[in-house]
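For reference, the structures are reproduced in the following blocks.
First chain A sits with chain B, and in the next complex the same chain sits with chain C.
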Partner chain A sequence: MSNPNLLAAFLETAWQHLGRGVMDSRSPARYPTFATVSAKGMPEARTVALRRATRTGAFVDVHTDILTPKVEALKATPHAALHIWLPEAKLQIRMTTSVEIVTGDAVADDWARIPNASRVSYGTHPLPGLPIVDMYDYEKPPLRERFAVLRCWIDQIDLVELADRHRRAEFHRSDEWKGSWRAP
Partner chain B sequence: MNVRILVFLLCTPIIAWAQGFAGLGTVTEGFAKPGPAPVFDFPADHGPHPDYRIEWWYLTANLEGSDGTAYGLQWTLFRTALAPGEATGWNSPQIWFAHAAVTTPEEHYATERFARGGVGTAGVEADPFRAWIDEWSLKGPDFGTLDLTAQGADFGYDMTLQATGPLVFHGKQGFSVKSSEGQASYYYSQPFYRIEGTLELPTGQITVRGDAWLDREWSSQPLSENQSGWDWFSLSLEEGDKLMGFQLRQRDGTHFSAATWIDAQGGTTAYENGAFTAEPLAKTKVATRDVPASWKLRLAERGLDVRVDALNHAAWMPLSIPYWEGPVIVSGTHTGVGYLEMTGYE
Partner chain C sequence: MSNPNLLAAFLETAWQHLGRGVMDSRSPARYPTFATVSAKGMPEARTVALRRATRTGAFVDVHTDILTPKVEALKATPHAALHIWLPEAKLQIRMTTSVEIVTGDAVADDWARIPNASRVSYGTHPLPGLPIVDMYDYEKPPLRERFAVLRCWIDQIDLVELADRHRRAEFHRSDEWKGSWRAP
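Up next, the complex of A and B:
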């Protein structure tokens, strides 16, 4: 009979890595790949920084400039996939999420915790992605009103561990994260 | 690690004080009892289970200084309950006590703390993880990333721990049987911590690093009346495998044993009574007791036949609950380091 505690421990390991990613900028879990579907229906992926990982409620937070293309994509399709590869643990974490774009007073505490040096990521002029003449032909003023938190409510976690013996499991919010083993 | 406290609960004056002498014969009344096929819930199960009578967060570490000198470290927080459940303030029936120790090849330092539950001076919170008693603490954002600190009159330590492997479950998916009569506990471990930090000794500060092993166990049941003591081993082998093995010494001269073989990835194989054997070799006089600080361990199904020798034979814990606990060196078919605990050598 399968031991359900091994599934629980596998998921616990993943959450520990996510927590470490938030706390430690040297952790590979700090910088997930964040994939969305554009308004034109095309896949888009970019690297983001993991800002919060909360197991109670099962969500992770990513910060963004509200005027970036990924926010436009999320307005069209409010879902994102996050991918993390942890080379030492040989563990892939994939999360399928439903994304809530949080702005205004609700993110005041988050903004307050951001160092001044990092606030310049939220206010680039011209807007991110627009063409510029010279490579440094832009300004980066910190603009509080363009700051947003992408709250990614996790619907599914897929874990693949490529140690000597591979193992894979899938966990769903809908079954309260009990999880099930999958062929790797 | 285990049922050790069950021995303490039955045999020691401090627990008689805590429980009342009348309680020793009926220790499970009203308390929850471990049952087969447990399903754990993380991170909640890293926290306390006040409906069970006894519980511990038991950390041991094999350390090495920059000059290659071996050291051992122990930090344990125990919870014992006067009655099942929790209540606010001084009405809490929970009692906490903790042991801290450092072992060097020449010296052994140990001390203890006590606290009532319910008033904030000791406790455990699961998420974020925090276990504390007075200023001693083991805490972090989660169970995989921890900071550890403790101090005694003549020693102390500040360490950081990082888990590099999964939790492992002993017995049958965490249901660990302790006797033929069915006494049991819930028992899982995180045996894959890397640990580093600073030891404060009378000779000065020493920077160390190594491997640590944290046991989580809770139960309400005492050992069988036929059981007089306990020898527990946690070994980290150079090949990357690990072994937890214990034997309970029974008054009729027989033993009840169990073991868990843990491969380098955290895969486990549980061995039931009899597969793992521990034979005491030469005894040493420690604190007026005759204690076997050298052992022959065998687990035939894994081809394991090793000698285990204490780094320091004098690793006696001269506390309210006295016992022997210290780092060991493994030689034979496998080599490595580990920890040994022995109770009941009164």
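Up next, the complex of A and C:
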């Protein structure tokens, strides 16, 4: 028979890694790959930094410049897949999420906590991805009005651990994270 | 003025990392994140192993069990975004690709080169992702007929280097990989 404690412990391990990712910029959980679907229906992926991971409510936060292609993609398809690979733990954490784009007064506290040196990530001119003549033909002024929090409400967590024997489990918000083992 | 040699050198660096990823399982370029769009239009991402990287022709190969969700996704949308983050080089390599699913006699040579111990990745029973009662309720027989090569023809390569000053460039098959600098 399946032991529910083992499933709960597996999920707990994942949340511990997410928490460490938020606190420690050297943790591999700090930098998930953030996959979206473009307005044209094409897959896109880029590195993001994990800024918050809250088990109560089950969401993670990512910060972004609102004028980047990932926000355009999220306006068309408000979902993101977050992917983390932890080499030492041999653990893959995948989250399927519904993304809320939060701006304005609601993110004033988040903005206030960002060090000045990091605020330059929000305001690149020309816009990120636009062609420039020489490699350093850009400026990075900090622009409060271009800052947004992507609140990623987790719908599903999929864990795969590549230990001597592989194990895999899926956890869903819809069944209150009870989870089930899956063929790996 | 833009120096075309610097652009060419930047792209060359990326291909060197891809080549190392194929040869060395300890290289972070060995394990790209492979993002697709599901048949329902949702983003999906998982770790894959880089098996070939060929600059002539500009493609990379990934191996898969044909009965996994990523192949289902590719049948609906035959495109994948491959994402690699190289922590030491502080380099993000992103590839936008058109994916050809190769099976049968055309992959006989690839199958022949796979060590017996690795062939068990192709044939999991029950199918990967299906629910099982206990965590080890699965078998992994090697099944030649479930092996496929995902040939990812690169349409675009996007490089972002987070050195003291950031630099970013995009290279397209359509302009013969000449490339252009982009705002990072």
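The rule is short, and it goes like this: the second predicted complex is superposed on the first by the 184 of 184 C-alpha atoms of A that agree within 3 Å, B and C clash if a C-alpha of one lies under 4 Å from a C-alpha of the other, contacts with A are read in each partner's own complex, and residues count from 1 in each chain.
One rule holds in what follows: a contact is a pair of C-beta atoms (placed from the backbone, for glycine too) under 8 Å apart; a residue touches a chain by one contact, two chains touch by 3 or more.
From a predicted model like this one, the values you see are computed outputs, not experimental measurements.
Enquirer: With the two structures laid over each other on chain A, which partner does A:33 touch: chain B (first), chain C (second), both, or neither?
Expert: Second partner only, chain C.
Enquirer: Looking at A:127, would you say it contacts chain B, chain C, both, or neither? Reply first, second, both or neither.
Expert: Once the two structures are laid over each other on A, A:127 reaches chain C alone.
Enquirer: Name the contact category of A:98: first (chain B only), second (chain C only), both, or neither.
Expert: neither
Enquirer: Does chain B (first) or chain C (second) touch A:56, or do both, or does neither?
Expert: A:56 sits against chain B, while chain C stays out of touch.
Enquirer: Looking at A:77, would you say it contacts chain B, chain C, both, or neither? Reply first, second, both or neither.
Expert: Only chain C; A:77 stays clear of chain B.
Enquirer: Output check: A:163 vs chain B and chain C. Expected answer is one of first, second, both, neither. What do you get?
Expert: Only chain B; A:163 stays clear of chain C.
Enquirer: Could you let me know whether more residues of chain A are touched by chain B or by chain C?
Expert: Of chain B and chain C, more residues of chain A lie in contact with C.
Enquirer: Does chain B (first) or chain C (second) touch A:45, or do both, or does neither?
Expert: second
Enquirer: Based on the A-chain superposition described above, do chain B and chain C contact any of the same residues on chain A, and if so which?
Expert: Looking at chain A, the two contact sets intersect at 3, 6, 165.
Enquirer: Quick check on the complex: what are the chain C residues that touch chain A?
Expert: By the definition above, chain C touches chain A via 1-3, 6, 31, 33, 35-37, 41-47, 77, 79-83, 85, 92, 94, 96, 124-138, 165, 167-170, 180-184.
Enquirer: Could you please specify the touching residues of chain A with respect to chain B in the complex?
Expert: Spelled out, the residues of chain A in touch with chain B are 3-6, 8-13, 15-17, 19-20, 22-24, 55-56, 88-89, 161, 163-165.
Enquirer: Okay, in this complex, where on chain B does chain A touch?
Expert: 38-43, 127, 141-145, 163-164, 166-169, 173-174, 188, 264-267
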